[in-house]
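Pasting a structure below so you can have a look.
Letters A, B, C, D and E name the chains as they come in the text, with residue numbers starting at 1 for each one.
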Amino acid sequence: MGMPTLVTLLLVLPMVGFVLTALVGRRLATRAGIIAVPIIVLTWLIAMIVVYTALSGGFGEEGLHFTLYEWIPAGEFRVPFSLAVDNLTACLLIVVTTVGMLVHVYSVGYMAHDPGRWRFFAYLNLFMFSMLLLVLAGNFLLLFAAWELVGLSSYLLIGFWYPRRSAAIAAKKAFLVNRVGDVGFALGIMAIWTTVGTLEFGEVFELLPEQFHAGEIAPWMLFGIALLLFCGAVGKSAQFPLHVWLPDAMEGPTPVSALIHAATMVNAGVYFVARANPIFSLSPAAMTLVAAIGIFTAILAASIALTQKDIKRVLAYSTLSQLGYMFAALGVGAYIAAIFHLMTHGFFKGLLFLGSGSVIHAVHEEQDMDRMGGLWRKIPVTHWTMLIGALAIAGIPPLAGFFSKDEILGGAFENGFYLVWLIGAFVAFLTAFYMFRLMGKTFYGPSHVDPTVEPKIHESSRWMTIPLVLLAIPSIALGMVLGLPLGEGLIDQWLEPVFEHAQENLGLTHEPVQLFGIDGLIIIGSTAVAAFGIAIAIRLFGFHWPLRGSDTAPRPERVAELTQRAPALYRASFHKWWFDDLNHVLFVVIGGRIANGLWWFDRAIVDGTVNGVGDVVQGAGRDLRRIQTGRVQNYALGIAVALIVVAVYFVIAVAG
Amino acid sequence: MTLPETIPLLGWTWNDLLFLILAGTLVGTALMVVLGRNIIRSGLWLILCFATLAGLYALLGNAIVAVAQVLVYMGAIAVLILFAIMLTQTKGGPAALVFHHQAWAAAIAAIVIGGLLAIVDGASGWPLAGEFMRTSTEAVAALLFGDYVLAFEIVGVLLLAAVIGGVFLAKRDDSPETPG
Amino acid sequence: MSQTLESYLALSAILFAIGTFGFLARRNAIAMLMSIELMLNAVNLSIIAFGAFIPELNGDAAVIALMVMAVAAAEATVGLAIVIAIYRNRRTPLVDEYTQMRE
Amino acid sequence: MDGVPMLTLILLAPLLGALIIAFLPRRYPDLIRGTALLAALVAFALSLALLSAFDPEATGVGGFTFVESVPWIPSFGITYTLGIDGISLVLVVLTTLLTWISILASVRPITDRVKEYMISFLILEVGMLGVFMALDLFLFYVFWEIVLVPMYLIIGIWGGPNRIYATLKFVLYTLVGSLLMLVAILATAYAYASTTGSWQGAFDYLTLRGFGFDTALQVGAFLAFSLAFAIKVPMWPFHTWLPDAHVEAPTAGSVILAGVLLKLGGYGFLRFALPLYPDAAQTFAPLIVVLSLIAIIYGAIVSIVQPDLKKLVAYSSVSHMGFVTLGIFVFQQQAMDGAILQMVNHGLITGALFLCVGVIYERTHDRTIARMGGLAAHTPAYAAAFGFFMLASVGLPGLAGFVGEFLVFVGTFAVSPLAAAIAALVMVFGAVYLLWMFQRVAFGPLSEFLKGLGHHLTDMRPIEVLTLAPLAGLTVIFGLFPGLLLDLIQGPVDGIIAGLTASDAVAWLPWR
Amino acid sequence: METTGLLALAPLIVVIGVAILVVIVDMIRPGDDRLAGVVGTVGLIVALAMVVGVGSGDVPVMGGTYIRDPLTALLDAIFIVVAILTILTAPAYLRPRGLPLGEFTATLLFAIAGAMVIAGARDLLILFLGLELLVLPGYMLAGYAKRDGYSTEGAIKYFLLGSFSSAIFLFGLAYTWGYTGTTNISAVADALGQVTAISPALAMGLALLTVGVAFKIAAVPFHYWTPDAYQGSPTPVTGYLSVGPKVAAFALILRLFVEALGPLQGDIVNVVIVLSTLTMTLGNLVAITQDNIKRMLAYSSIAHTGYMLVGLAAYGAAPAGSPAAEQGLQGLLFYSVAYAFMNIGAFAVVTALQGVPGVTSQIASFSGLGRRAPVAGAVMTLFLLSLTGIPPTAGFFAKALVILSAVEAGGWASVLAVIAVLNAAIAAFYYLRVVVYMYMRDAPGDAKPLSDSWPLRLGLGLAAVATILFGIIPGLILPTTQAAAQVLLLAP
């Protein structure tokens, strides 16, 4: 069986799973996952084969590229259904399929009691299909299609519990906000076609730089294209100012949050910008913009995450923040670091979300951290795995997060984006802090759980704990496996070919890491910052020291006091900097007014004119019928007068 | 004794005098017809008016038409009209208000029309107008039964149709009839 | 004067005008009918006048005049019949009271 | 199958059906329904045969195949000439398909005066098919007007409470446009006859196409044609008859109205207005492009606040048809391809949406969005179908709607990025009104109003599924394999564009 | 072929003869309506056969006062068919109201004879007499329901104004005679052909003639009699009045203005254009506001006069003898044919509807007709569509033809074309309103049944078939109309 067939299978299998589950799922009752889960496992196996072949250079320099059929043959505008696999794709495949598979397994347990679970698995399969298409797509339009399809599955899954109005609204919000970005994306694609006349990745990345260097494309045009494309990325990866949908997306079942809104879909933007590096890297302005947006989102989201009460929302904002990190990395030219962080983050954030799901399950669908606490004894597996995740995201060596995050900061510093580096470091501190705030409020200190629920708390089923454990492993080891030795790790070997053009364009030379030089200092610095953040969090929200077996009690009064000290900042953070309220006013209130106004205009003015004409005609008729008085003499006089007129006309105008 | 060729002092021919008299009578009687308050009197004035016209036709040397005028108009039409008047007199005698309220407008319109006609007649020469000549009855008869025989027939039919219809409309029949 | 076409035409014009006035001004159906007769006679007068002064029409004029008289007679017949018929329905000869149908 | 007058046969099928029904006793409504359905299906089958026999490569007569021509009114050179190219063919098949679907969809809702209804529907089909086939301007006009009467009756007799106002508005509005078009047609024919000195071929499309009329006539005639077509499409600001007509029309009526009647306008532009009067077309293109942009955005925004499901879909049609006119009048290959695709897709998708609205209306006798809610839980199959077509209408990739829209975008962008940018905003607005509508109808808890219906609120019946299934299938197929359509229409489109590029705009208009 | 003397007059003689025969039959066997109808119908069919059989030539007969040329033949055929349709459909209305058929048939035949005289007249005197023979019976028919106030009121209005206009018309003729010195049409044409400058008197004559005929065709502002006369008359009479006298008056126009005064067409055309515009616009606008079907159709018939005048205007505006001129006249003639069938048809349906006395002619009485009498409803719809000008009906092609001619003529005439179509759109409103009542409103509980007899069915059928047939295959009569039109153009 040839590689193209295998790659195609990656798309076919989930699709088949979706269709079958959608058709017969309802009859499967409790065993709804019986089709979906195995199919995804199979997909994972195939994906691993493909990944292995790719990373072991099985596809050569250019990677695998093949066309299934001609999708849109519109005259000169021809878009094939073409798939491409290179190392970058491979890296994404690892995350997507692995996390995807684990989430499927986890869902078997998590959704065990939901009547609509068959829909859930169908949607999950649909998502897997869309996401795989997204990473395998060989041209812009196909990628855009997948882009929209993942949006669709995210819409369906966020709104999975549609009887809950908030869920339905959140789903709609996610779709719409994404659409805003997609407008730009679509326009960008059009711009590309009108400039180079093709949409195939390979050809575009060949032609565009050529024409640019040949001076056929002005820098502003290139910047324009990059900007438009970036809009899409901003939307999908929930960067400022389109970040508002992601927190609400937590209305969806937790596995969905883990899979779509942490590990895979939201990374699509990062992947896409990385994929389009030949374009971006040609426009310094674009790069700077990406970096700016990224780092700003990072700090913004982190600042909000500090004060949120809802466990999933904290994670959501942390996701935003981490994605911001990745964009910052892309912006400063540290592409490899970005993808590296994408992968590690995919795993540990997936872990954290699934863990939070397990917690929520344990306390009977309670998400408010103020009503948790002291859970670590009752759900040990969840606790330990989540602790690992927390340490990983905090960037504590030697866990995965440490390596990827460090490469980003290092890259920023190396490439001279000191401000980015500085903020990045601060965000690292915040991250460490709010993660352990989360841990503390959830697992340590006294329990605030509803007493009626308290006794019923128990560890989740195997279906859920096993995936947690499996995800914990990469969260610990992935960094060391791929990142060591620093700067020359596997990840670098894999991805350098992908980004070499970009490196040239940016004029970046990749000099080896000096452990006992500037890099060393940065490493120590960031680690220290993270440790400091953790320390403070522990002092405020408590901790359970595993080895010593002793506890550090939380100190709520201190927290209150601190919030008192900077009330404005606290409120700003707590109200998410009022973005949602702003949007509400702008789009719901004002937009609604405009729409209603236009409708009035349509009825009163446009249609009014039409009916007005009719009324005028009828009115004229009513007036004219009055001349028919019914009196013969009037008629005769009328005739006589008309006769005079005609006669005068003839005698004067005609005669002579 | 013989009358002089022209009337002394005035220098008119006798025909002219006759014309003037007839014309005056014509206009006068016609005015009486349309202005008379009593409709029956109007009818009588109409007869007189017809007679004057007969005179004018004679003056124009058209004997046969003059005769026909007397027979048809005075003998038939006028009488017919008088009968109709008798038949349609409301007990209240002659209607109080003879004229329609638009009489003044009517007068103006009529004067304008008359004026137009008169002016036009005067203003434009009649290219074919020649010397005055009498009309011989034979010629008329020849035409009537020659080229105009079709016309003659049609008039016959016309009168027949008029009579049939007139009889139907005028006759009082008591057949049950529901308005539709 | 009596030998000129214009004078007769003028006379007929006046007669026609009088007829017109009568038709426009009188309320009584029969009076209006009489006015129409006046108008027809005016036409006849001018026709005869043409006949007398235009050689080509000398004979035709008489024929036409006779025909017109016949037509006038027929019109009178029909008209009076109608007048009588409506008088039976409305009990009035005043035309401007026949206004059941209007507008 | 040369020799065989395929097109006439296709026209005859519904015509004969109507005649037969006219003589069927009205005591047996089911017999009448059956006959009507049969006739429509025969027409459909024949059109499929036509499709299979059609060869995109064949040049035929001036690019038209299956041409039949019979002298009709020789003294004026008026002939009965039919013929199709790819564009006509696509629309013919669309018409035959939607007709039998509509008749099927009418089986249950229409119980009163079935006979008249079915006759009207079949005559309507004859008219629509004729418009797409006619190659003689006079014949074209005749069919164009024939369409009017049955639709007038369908809305007026079987419509909603305010049907008479709506149907009179529809007819009069359309009539004003089309009558002026008649003058234009006659003027064109005479212009030809007076130059050539013979009426021979004065109404023959193929003869007139390349004739090159003088500017004054072109401008006048183009404006007259455009008015007629703009009202049918309908273009902003001539669209206000559409919401009324749709709201009052019975479901099947709306389906045909949106599915085919609106396409008559777009087809008219493509087939007649552009090729006959290229210079004038060039001249007025900017104006029409602007109007189209207004229609696209305006229609979408107004749709957002519609309280009535049908009104919402109607206004969305204004927006969607804006793409058609936009795509046509940027005179660009992709855009025109997209416009035609958009016509077909809009026919399928909006037709289906009206069917969906009809399904709920039949149960609730209400279309007020505010009174709906929670259908997804109680009528999952219905909600799924509705949602599917809703998403197709949003323009989701993989479904038909996307390709047409995107091609119009691309083509427009190549000509005027600004126009494309404005048009692209509809990606958001479109999603706003459709998703919001669907959220209010399908999601949330079951509304009190629907609760009140109790067991009357049933899920879709087999017959309803049967009407929607083919549309859904085609929506997917054309989404994945738009080539099926594009291969048919590419030739004609290139022809039209070639004709336009050869022409040059009249200079004396303000915006030139 | 060559037709001479009596042979040329044969159809006319037959019609008159039948008229008299009907009178006699009615005297012999009073009260036997059926017989009168049969005799009349048979006689007319014979006459029609003769019209077809005798064919046409181009030689005037009876001292050059009458001619049977293609135009005569066509017009005669129209008149005879109109008479047949009227006689077939009238009994349904007259019998229930105890109105005798004998006098009706006879009077109608006399009127038709008058129309036929006009059709073939080559002499102004004959023209005038024919006109009178046409209208006098018309007055009587209008007042035929002599017990009915409406009928007699309509009749007297019609009569008084009609006689008034006749006098005016006659005065106009007198002037023409005085100016040209002849009554023979071709001679008049010759004489006028030499005229270089029109004298005031001649201009006055033209004015008087124009007003006279404008009245007869009910052109605005000389239309006042039409609504009252049409509404008052018994419905079948209205049907006849709306077609017979109108078409005959147009025949008069063709013979007088086109043939005799042809050389002056350029001087008249402006008036025609103005009249046409006023006529169709006012007719349609006022028709919209009518609630009485007969009155509405009266105004609509005024509007149709306007459309026919468009053809005449095209003839006048186009250069003499140009194809446009021919198109104009042909359009006028074709329109007359189409109009005859669709309008009589429409009135026939009204007749059927009023088969039972007491059924008012309010449009509301059409309510639910589509359900009560599907066939009648369908046929009425057909006629209304044809009147609107929707294909494929005769009415549509007629409109298309006159509009085409106007477009060809160019200048103001082409503006007239646009006005005409806009008017057609307005007209659609009130025609379709009737359809609304028939199909979209429910019948009142006390709806009376329609009268139904085979002659009525036959008449309706004929009208319907012709309306649809001439719409689908106008080629059937186009050659005839064309030949007729050419006759007029060939005339000096």
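Assume contacts are C-beta pairs under 8 Å (C-beta built on N, C-alpha and C of every residue); 3 or more make two chains touch, one makes a residue touch a chain.
Small disclaimer: the values here were computed from a predicted structure and weren't measured.
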So which chain is farthest from chain D, going by the mean of the CA atoms in each chain? B
Return the chain label for which the distance between chain Cα mean and whole-protein Cα mean is smallest. D
Of C-E and A-C, the pair joined by more C-beta contact pairs is C-E
Whole-Å separation of chain centres (CA-atom averages), chain B against chain D: 72
Here the gap between chain A and chain B, centre to centre from mean Cα coordinates and rounded to Å, is 105
Indicate the whole-number Å distance between the mean C-alpha point of chain B and the mean C-alpha point of chain C. 7
Rounded Å distance, chain D centre to chain E centre (Cα mean): 42
Touching two or more other chains, which residues of chain D qualify? 172
I need the residues of chain B touching at least two other chains; which ones are they? 100, 102, 105-106, 109-110, 113, 116-117, 120-121, 124, 126, 128, 148, 151, 155, 158, 161-162, 165-166, 168-169
Multi-chain touching residues of chain E, meaning two or more other chains, are 125, 129, 132, 136, 139-140, 143, 146-150, 156-157, 160, 164, 168, 178, 181, 199-200, 202-204, 227-228, 429
Checked against the stated definition, the touching pairs are A-B, A-C, A-D, A-E, B-C, B-E, C-E, D-E
Taking the touch rule as given, give the residues of chain E at its contact with chain B in the complex, in rising order. 9, 16, 19-20, 23, 62-66, 93, 96-100, 103, 106-107, 110-111, 113-114, 117, 123, 125-126, 129-130, 132-133, 136-137, 139-140, 143, 145-150, 178-181, 199-204, 234-235, 354, 357-358
Chain A touches which residues of chain E in the complex? 156-157, 160-161, 164-165, 168, 197-200, 202-204, 206-208, 210-211, 215, 221-222, 224-225, 227-228, 267, 270-271, 282, 285-290, 426, 429
Considering the complex alone, what residue numbers of chain A touch chain D? 69-77, 141, 144-146, 148-149, 152, 159, 162-163, 165, 167-169, 171-172, 175-176, 179-180, 182-183, 186-187, 190-191, 193-194, 592, 594-596, 598-599, 602, 606-607, 610, 614
Chain C residues within the chain A interface of the complex: 20, 23-25, 27, 32, 95-96, 98-103
Chain B contacts chain E in the complex at 116-117, 119-121, 123-128, 146-151, 154-155, 157-158, 160-162, 164-166, 168-169, 175-180
